[in-house]
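Both of the next two complexes hold subunit A, though its partner changes from subunit B to subunit C.
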Partner chain A sequence: MAFLSFLIRRLGLSVFVFVGVLILTFIVSRVIPSNPAALYAGARPRPDQVAAIEKKLGLDKPLVEQFRVYVGDLLGGDLGESYHSRRSINTDLRIFLPATLELVIAAVVIALVLGIPIGVLAGAYPRSAFDYATRFVAVAGVSVPSFWLALIAQFIFFSQLGWLPLGSRISRDASLFYPVALQTGFFLIDAAISGNWQAWLDALHHLILPALVLSAYPVGVTIRMTQASMLEVLSETYVTAARAAGLSQRVILFKLALKNAIMPTLTVVGLSFAYSITGAFLVETIFSWPGVGKYVTEAVLNVDFPVIIAVTLVVTVVYILVNLLVDLTQAFVDPRVRLA
Partner chain B sequence: MKTRPRFRIESGSSAWFLLRDRAALISMAFLIFVALAAVFAPLLTPYANQGRGDPDLSAKFRAPSIEHPFGADGLGRDQVARLMFGARRSLSMGLIVVLAAMAIGTPIGMVAGYLGGWIDEAIMRVTDIFLAFPPLLLAIAIAAALGASYINAVTAIAATWWPWYARLARAQTLSVRERAYIEAARSIGVRDRVIIRRHILPNIMTPIIVQGTLDVGTAILVAAGLSFIGLGTQAPFADWGVMISDGRLFFLSGRWWMSTFPGLAIFLTAMAFNFLGDGVRVAADPRLRRLL
Partner chain C sequence: MALLRVENLHVRFKTPFGALRALRGIDFDLARGDILGLVGETGCGKSVTGRSVMRLLDENAAVTGGRIFFEDADLLRLTEGEMHKIRGNRIAMIFQDPATALNPLFTIGQQIDDVQRTHRAGSTRDRRRARLELMASVGLPDAAQMADVYPHQLSGGQQQRAMIALSLAAEPDVIIADEPTTALDVTIQAQILDLLRRLQRERSISVVLITHDLGIVAETCQKVVVLYAGRVVEKGTVEAIFADPQHPYTRGLLAALPRPGSRGTDLKVIPGNVPSGLEAIDGCAFAPRCEFVMERCQRQLPPLMSLAAEHQAACLLHEAAVHG
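So, the complex of A and B:
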């Protein structure tokens, strides 16, 4: 019962935030620019192009009317058209969004797999050499510019060691001889469904480096949060009691304490997602990864404003859904959350 | 009671704890060094005009040497000079963003926390909307809407950052609001505005300053990111993000120095702000001091 009322409240908040996001992106796209029509018409527009856009977007009408049309188009699933390529943004995003999500999910998984155990051990042995080394790594992770780390990683693992490919999602050979039959847009899933293991391995090979680079920030955040909450939990009396009862350190740390320390870390899943997305916007270009980040950075160069706004909106909606999912999981696992 | 000489740092005080934190100390020294290099850049380098963007085509792509310790870029500009002049922009971007976000967010958060009711509810829901965007994304959209420039990049980032401070200030205000001295002030008829400014603000400043110190590094990273994709500092000027971007196409073909040094500069500066922020946080919080 408590869960149901939490669910309703939380869904209500998401809907509210979604409406707010619509209003805010509308303000950014129509109210902030001194001449929105010129912005929508692309770089160096002719006056007749600007006039045509003005008419098409209804910029001569009152703002409320403009907003009605804006929302109507979006809810009808029409994100508009790129002024650079003249392609429908919907079609583009259907290819680019899964590419980015595949990368970001890989980075989040790496962040959790590396960050949680390291954070647990660092929290368990404060002031040890391991704790200091870990703190350094965590701070380095949140301080390194991702786009610079990407270059360094390419230099080491491609130029020097030759272990990993330079970029893109799949090699040309694999795409010629073992083409992936696209269904979900996630190469690893699509290749696995069709049993195309050559392509699967090739795609994985291409995924490793960009995913590792993207995970630097979330790994740092995960270590910090896990370490901090472990430190807190380990000073509780029930841990002392467990020690007195003679439970092994492994059971105390990873069974008893982690279960109580994991809650703030679950929040980290949402945060990791957000930071990986942010990193993806800067890093995809360097790895020639055909995702929304590359799409947006190219749009910035081409002054392709409709694309920038559409991507902002779509990625934010995905982010809202991820946060909703994280919160619901948390409430499902931990009764304290839903009763609060 | 005898007055102490002003410069003495009391043992056990916050400042004393901060000065015992080696990482924070080294960070502070490094940041002072970078700040001095930025401020006195025109006096410290013989290539000041190159730092401002003038080309010297005779030194095109010169590798690091005694004359140009960090090499020269595609227009022959000394990279040490570029880095020092870039520091002016990168550091100021980080600092201005955080100060602006603080200046906008703190009063809003204090008003929300102090007044409560529907005003509080409304303000908090607005922050919800801002925080629903992944970081950087909304800043990219706003910067693109305003047009690419240094000042617009700063505006765009600050416009997306203030809600964090509004939330923090609100939470702190809530915990201070019910204290006896606030009630005393209210009962003798002190106006709300004065209570917020004189009695609440000084008592919530510590966590806000701690957060600010931690945020400067992140703000520098975000600003560098915007510059990297072309929405920040414009040619012929450069900040560290622009320098990485300029050198990136040559990085793997042997001309590694153009992107390497500005990247290191961002990395080390952001790290220094993080260590310093951590140090300030621990020093200011007696409970944390005991735990660590």
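So, the complex of A and C:
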């Protein structure tokens, strides 16, 4: 019962956040001194053309009216149309969002799977050679620019070793001979659903390098957060009590202490996940990955407001969902949170 | 034959100000089925002694001499793997503040089960039955429900009962109780001490009771070891020490206790401070605070001298009485 009311309160809060972001983004996009209608009209439009387009797009109406129309469309599930390409944003995002999510989820999974055990051990053996080595790796992961890492990775694994492809989500051969029927937009899921294992392997092959490059930052963050948090938890009396009870180091570290130490890590990784939706732009570009980062960057360069607003809202929803997930995890992990 | 025997135990701490001699030769025996009180002021080394027995000293501390026999094994010479089979299983520990000694994210039942699984074979159902019996025996009502609650849902007294259940989960022979009642209300204190006495009687468990409270010692223990600045200054049976304290420090401690009729008069205090342990001490550590101090107390380390069958004190005042 306590859990349900926690969930309801938490969801109510999320609606507020979403509405706030919606209003702000909308106002900012209308206040910025630029003329979307002129943009829509193409090169060197005549004033009467611009006026006609303003009328068509509803830009001549008062701001409140424009907002009402926009929210109406949004409630109907319509994100609008790009001023630049005149394509439906819904259609575009159905391709770009899963591509980015597939990449970012892979990066975060890598970060957690690698970073947590490393962080736990580094925290358990402070000032050991292992601790210093992981500190170096973590700081490097956080501070090395992703584009540099991407180029180096391509140089090593594509040019030199030839193990992994240079970029894109799937090879031309695979898309010709084993076409993936798109349902979710996640290639790994779609290929698995249809039992298309050749395409699945090919997609995985293409995913490894960009996901690894993108995971450098969250891996570093995960290691550092887990290490710091473990260091603190391991000095608690209940850890001494567990040692005095003769429990094994494995149980103490990975069960008793880690459960107490994990939340800061999950919080930060959750934030970096949401950030990566648009922040993966450089990695997406270098690996020719058709994702949201590339999409929104082009939109910004073209002052394509409907796309900018739409992507902002999508990212907001991702932030909200990830934070909700983190909070629910915390409530699940810590019985004291459920009461608060 | 003592169950636990500490011989000439020395422990040093590395500090930014130099080596701190926390223990400077501790000796005591714990007989099977006894409750032994380890008494002294803050910083006298009583907790360090307990931690040394468990081999759970902090990283900056090290045993620099002495031996700790449990049955026939010198605990200080065991490998870490062998020590794992002693901790919790043969010698368990109870801590001062149960609120911090219980893991906040696991239920009482889960925490007891971890200890059971580590040290005892048996099916899930057997462990659960043993667990509920154990919880009932330490006075946790509705054990079946209590097993599924988290520490923060319990009162302080219940938490300490849960901690005691946890320490008993593997049926140890010795419990080291480090100030087990200090964080509790006075009425709860009495209940917890009753519980310890009952467990000692019913399960013939031996207890090392670390405390600064002589009242608790008088009520609970059979033997007392009085520590001062990392050394034993007096030890013996509770009767001998309370009736006839021989070391000036023990006398001072007893005189400092409030008594009926002492209302309105100032409590006696022992003037001066406990030495820090950073400076080398040649003679008796208590000499600077002692009202009977003699010139040789400053140079000569007083050995423990037997005064009666089960009563020893480390004071040069008694040298004449013993040897003369």
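One rule holds for everything that comes next: the second predicted complex is superposed on the first by the 301 of 340 C-alpha atoms of A that agree within 3 Å, B and C clash if a C-alpha of one lies under 4 Å from a C-alpha of the other, contacts with A are read in each partner's own complex, and residues count from 1 in each chain.
Just so it is clear, contacts are C-beta pairs under 8 Å (C-beta built on N, C-alpha and C of every residue); 3 or more make two chains touch, one makes a residue touch a chain.
Predicted, not measured: the structure shown is a model, and the values here were computed from it.
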Combined model on subunit A where subunit B meets subunit C, clash or fit: fit
First (subunit B), second (subunit C), both or neither touched by A:T240: second
Touching partner for A:T25 - first (subunit B), second (subunit C), both, neither: first
Contacts of A:S248 with subunit B and subunit C, given as first, second, both or neither: second
Contacts of A:T91 with subunit B and subunit C, given as first, second, both or neither: neither
Subunit A: partner with more touched residues, subunit B or subunit C: B
Inter-chain angle, subunit B to subunit C through the CA centre of subunit A, in degrees rounded to a multiple of 10: 80
Touching partner for A:T184 - first (subunit B), second (subunit C), both, neither: neither
Subunit B versus subunit C as contact partner of A:N260, first or second or both or neither: second
Subunit C versus subunit B - closest C-alpha approach in the superposed model, Å: 10
Touching residues on subunit A, where the partner in the complex is subunit C: 236-238, 240-248, 251, 255-256, 259-260, 333-336
Subunit B contact footprint on subunit A (complex, rising order): 13, 16-17, 20-21, 23-25, 28-29, 32-33, 39, 126-127, 139-140, 142-149, 151-152, 154-155, 158-159, 166, 231-232, 235, 273-275, 277-278, 281-282, 285-286, 296-297, 300-301, 303, 305, 308-309, 311-312, 315-316, 319-320, 323
Partner subunit A, residues of subunit C touching it in the complex: 54, 56, 84-89, 92-93, 95, 97, 100-106, 114-115, 118-119, 150, 152-153, 163, 166-167, 169-170
Of subunit B, residues touching subunit A in the complex: 125-126, 128-130, 132-138, 140-142, 144-146, 148, 217-218, 221, 224-225, 228-231, 241, 244-245, 248, 251-252, 256, 259-260, 262-263, 266-267, 270-271, 274-275, 278, 291-292
